[in-house]
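To keep things simple, chains are lettered A, B, C and D as they appear, and every chain counts its residues starting from 1.
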Amino acid sequence: MPPKAANAVFLLSCPDQRGIVAAVSDFIYRNHGNIVSADQHSDEEQGTFLQRIEWELSGFRLPREAIGEAFRPIAERFGMSWDLRFSDHVPRVAIFVSRLDHCLHDLLWRQRIGELRAEVAFVISNHPDLRSVAEAFGVPFHVHETEPETRGASAEAMLRRLREGGIELVVLARYMQVLPPAFVASLPSRIINIHHSFLPAFAGARPYHQAHERGVKVIGATAHYVTAELDQGPIIEQEVARVSHRDSVADLIRKGRDLERVVLARAVNLHLAHGVLVYGNKTVVFD
Amino acid sequence: MPPKAANAVFLLSCPDQRGIVAAVSDFIYRNHGNIVSADQHSDEEQGTFLQRIEWELSGFRLPREAIGEAFRPIAERFGMSWDLRFSDHVPRVAIFVSRLDHCLHDLLWRQRIGELRAEVAFVISNHPDLRSVAEAFGVPFHVHETEPETRGASAEAMLRRLREGGIELVVLARYMQVLPPAFVASLPSRIINIHHSFLPAFAGARPYHQAHERGVKVIGATAHYVTAELDQGPIIEQEVARVSHRDSVADLIRKGRDLERVVLARAVNLHLAHGVLVYGNKTVVFD
Amino acid sequence: MPPKAANAVFLLSCPDQRGIVAAVSDFIYRNHGNIVSADQHSDEEQGTFLQRIEWELSGFRLPREAIGEAFRPIAERFGMSWDLRFSDHVPRVAIFVSRLDHCLHDLLWRQRIGELRAEVAFVISNHPDLRSVAEAFGVPFHVHETEPETRGASAEAMLRRLREGGIELVVLARYMQVLPPAFVASLPSRIINIHHSFLPAFAGARPYHQAHERGVKVIGATAHYVTAELDQGPIIEQEVARVSHRDSVADLIRKGRDLERVVLARAVNLHLAHGVLVYGNKTVVFD
Amino acid sequence: MPPKAANAVFLLSCPDQRGIVAAVSDFIYRNHGNIVSADQHSDEEQGTFLQRIEWELSGFRLPREAIGEAFRPIAERFGMSWDLRFSDHVPRVAIFVSRLDHCLHDLLWRQRIGELRAEVAFVISNHPDLRSVAEAFGVPFHVHETEPETRGASAEAMLRRLREGGIELVVLARYMQVLPPAFVASLPSRIINIHHSFLPAFAGARPYHQAHERGVKVIGATAHYVTAELDQGPIIEQEVARVSHRDSVADLIRKGRDLERVVLARAVNLHLAHGVLVYGNKTVVFD
């Protein structure tokens, strides 16, 4: 029996065609499900249809483990990629950091007050500096150094730790290291990074210095999925703040901290609420 | 035969219950409609379900005039209030103004470049000042004075003009007169006003003076449907701008102009795109 | 000898008249000071001139304690109210809280990373709940209960604690009690409160519930100095965020937390940087 | 005798050093001027001091034409670049457009209602399309075609027209042609362009298409002075708007129009109010 308040969520994508919405909602209705939220998007250029649909498991006639099998004929008819998730599943998350604590601190605090619906299994860093921050929240902290000569071995060790820890999402909370391609490839759309600029402007190193040098009147932060190409992955969320000639680089860094932690938290929460669908190099965000 | 690119839109509301989404989408699918957009909202406190669903008429098996009759059984089963609209219908709109031209000018310009999907049938004012603005866009301009002693007769004359002109939406584009209750009652959720503050702050007269007096750091504008109570109707859209001690009342008025015209245009466009549902004293905005 | 990097700051106000800027800057220059920042404002309605001027003490010919006496003739000539502050003075601050930790946590974190240039002497609360938050940052935590019958005595005890602690600024970080008039009067322009709405909208209790009920499309937060009248004091800073019909009261509270902590931190930092001048019921914010 | 309400404005820059503020304000005071506004900025990296200071000419002891000569010794002492302007001078402006009318229409409307303190001498375009827009506001419209083979001659003809018309500022209001280097060099910091992205992102052609392709969640507009390098000049003003996966390229273009016209108007007004100082490839904006 499913627990009382839990919902099921389908995340679907397929070639756009007639009858998808009707077929999916009919499937849920026939099995006595009550749809609490449905949103969809058609990308007309690519001819792609994407949908998020959520319904109450209370009263639903199929047990969780049978839903997939029952839905398979519909999925096959429309050529769907699909994912079935449950709102009461609390995923295990690992946070990667370097030396700056603002995003880590913010995520751990949000987790503690119940805003971030995940279990933070551990924190990984290439420096020992933030151990006390993690431990103050009761979260284990592991150092994995990333010297040039040990880089490959270190990435493998981290990956092993993620697997053994049953990690479903990695959050790079100002982790200032580039992860090797094999690492990234093993967690597709499961690594979220915060970059401290409004991408695609100021990709790469020291974006606040670049912004100050260019004399922009607005700075930003971008949360995106990590892909093989640096700072080029699908964007989940962005936010900006006004600046002026009065702001030094230090001021941009200070103002940027408030942007970064909010943008990263929003992106992680959207992901955890099963609200983000990736297609091509873009996201559809159902909020 | 429906013209090629036209879509149909259902705007529905009813007591929340199982099977609504499935029944409506199945109705469309059974008649060979392709759903291009669907959005819904459940107000849990009030137990109200609201939906906007749009599908292509091309290939749909029912002619436009038969859709309502065919849908009736579903509507009755769920106790729905509902509205059927067509995307190729271009509604006739009347704009009411007094002496300030920024909103009028902006709406007429947007209409001319094709952004505002409506026909502006005429402009009504209690002053002759803005005749040249209307006429520069080829729109008739009618003065209806509103002296205290002729107020009632004037409102009746205006209402007659609206009826004879087949007006479906009245836009108060900085019309500085209070419309009598009978006038308002005859156009429920069909009169949109722009108020130059972020309501509920600074309702009533001279909001920028009030804002300056209070020393706020943010000003705003609010577009809302007009109801019997002044500045209390359902809010469609709001926007704000930062101000500082350096801004005089004249600066607030100047900055506010940019807010007002954008907020009003967005609200009118949302209404014209059949994106706004009113329930209680609130709106659901499907954008 | 003044320490190397310290600056002096004058905050002035007086009736507007010729020669103020010249007299003040000449005073500084004659004594070999280098002006690093100067900003001013004339309120034309009230005929009031306000200025903030900051200069390097390094090389300045007057010792700190002699500046006031030397400046007195100029102040008297123009009828100035004035304040002299030093950038290396680290004021002692007390934070008042009730049960919500987001603002407290944020302020303590900012203090720890060096962003909040103050010493947090202690935290006062009417509940024991947040003791662990304060103590995790090494800050003493005192409970002062505020039952109706002990209210007066409690306010006196708190005031005594502030005096004995040499507190120069009180920050109400979601302290859900009204402070008695005598308490407020003893700390003029030295108590900063965060209110969880864009004042003057939704003053008083439960502003997010009020906002949800009204159906606004924007919510806000306001930091202001506390005066005798509830939620009516001079506004220092405000910020807003967009919301929609999809947001429940719980969502508004969640989104509001991010607003509140940022707005309060900005206001406290502006105050600590000697950037806020109060006149009438307004502020001039030199940032 | 200077007319009653006029003010004088100094825009200064020089190597940062002691005594500048005192010397300049003393110069004004000694001549019986009342300073109504003063703002300054020190760029510590470059060691540059910049100031804007404005005073009333009413009662000032020097006639306008003698101010420069009297100020020369101070300017020489500090090695200043400086500019003297008068608030009652109404500069002559030329607007360049191609086929899109939103910025042109907006600027002409602002000029008509008195918000843009300039005389629009004429409009130049490489297409005849917008003639009726200019003429509806009573502004002459000149077509200068820019075919590859006549490009050089055309630029010379335009430049001649600007000179003969006494033009002090050129506004590129979505003028889709690159101006030749000699043209740009002859009007340093006197050509303002609006680019339809938040630069440096999406420089070059079709920025909304680029933004849609990249899947950003925020779009922007940038007003900047034109320099030899395309889209690389000093930024005066930027603004952004949120977008989502629901926005097509056409939606970005529509939302962008509202950004572009506001950003361009703000930049032009800041320039006309003598509020912008260029140094290096940046601006200081005194607002």
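Please note the rule applied: contacts are C-beta pairs under 8 Å (C-beta built on N, C-alpha and C of every residue); 3 or more make two chains touch, one makes a residue touch a chain.
The structure presented is a predicted model; accordingly, all values stated were derived computationally and were not measured.
Student: Hop across touching chains from subunit B and tell me the fewest hops that reach subunit D.
Tutor: The fewest steps needed to get from subunit B to subunit D is 1.
Student: Taking each chain's centre as the mean of its Cα atoms, which chain lies farthest from subunit D?
Tutor: Chain A.
Student: Starting from the mean Cα coordinates of subunit C and subunit D, work out the distance between those two points in Å.
Tutor: So the centre of subunit C lies 37 Å away from the centre of subunit D.
Student: How many angstrom lie between the CA centroids of subunit B and subunit C, rounded to a whole number?
Tutor: So the centroids are 42 Å from each other.
Student: Can you list every residue of subunit B that touches 2 or more other chains, as numbers and ranges?
Tutor: In subunit B, the residues touching two or more other chains are 246.
Student: Quick check on the complex: what are the subunit A residues that touch subunit C?
Tutor: Touch list, subunit A to subunit C: 101-102, 105, 109, 113, 115, 136, 246, 254, 258, 262, 287.
Student: If we count contacts the way the header does, which residues on subunit C are in touch with subunit D in the complex?
Tutor: 17-23, 25-26, 28-30, 32-40, 42, 242
Student: Within their complex, state which residues of subunit C touch subunit B.
Tutor: Interface residues on subunit C, with respect to subunit B: 41, 43-44, 198-202, 214-218, 220, 234-240, 244-246, 248, 281-285.
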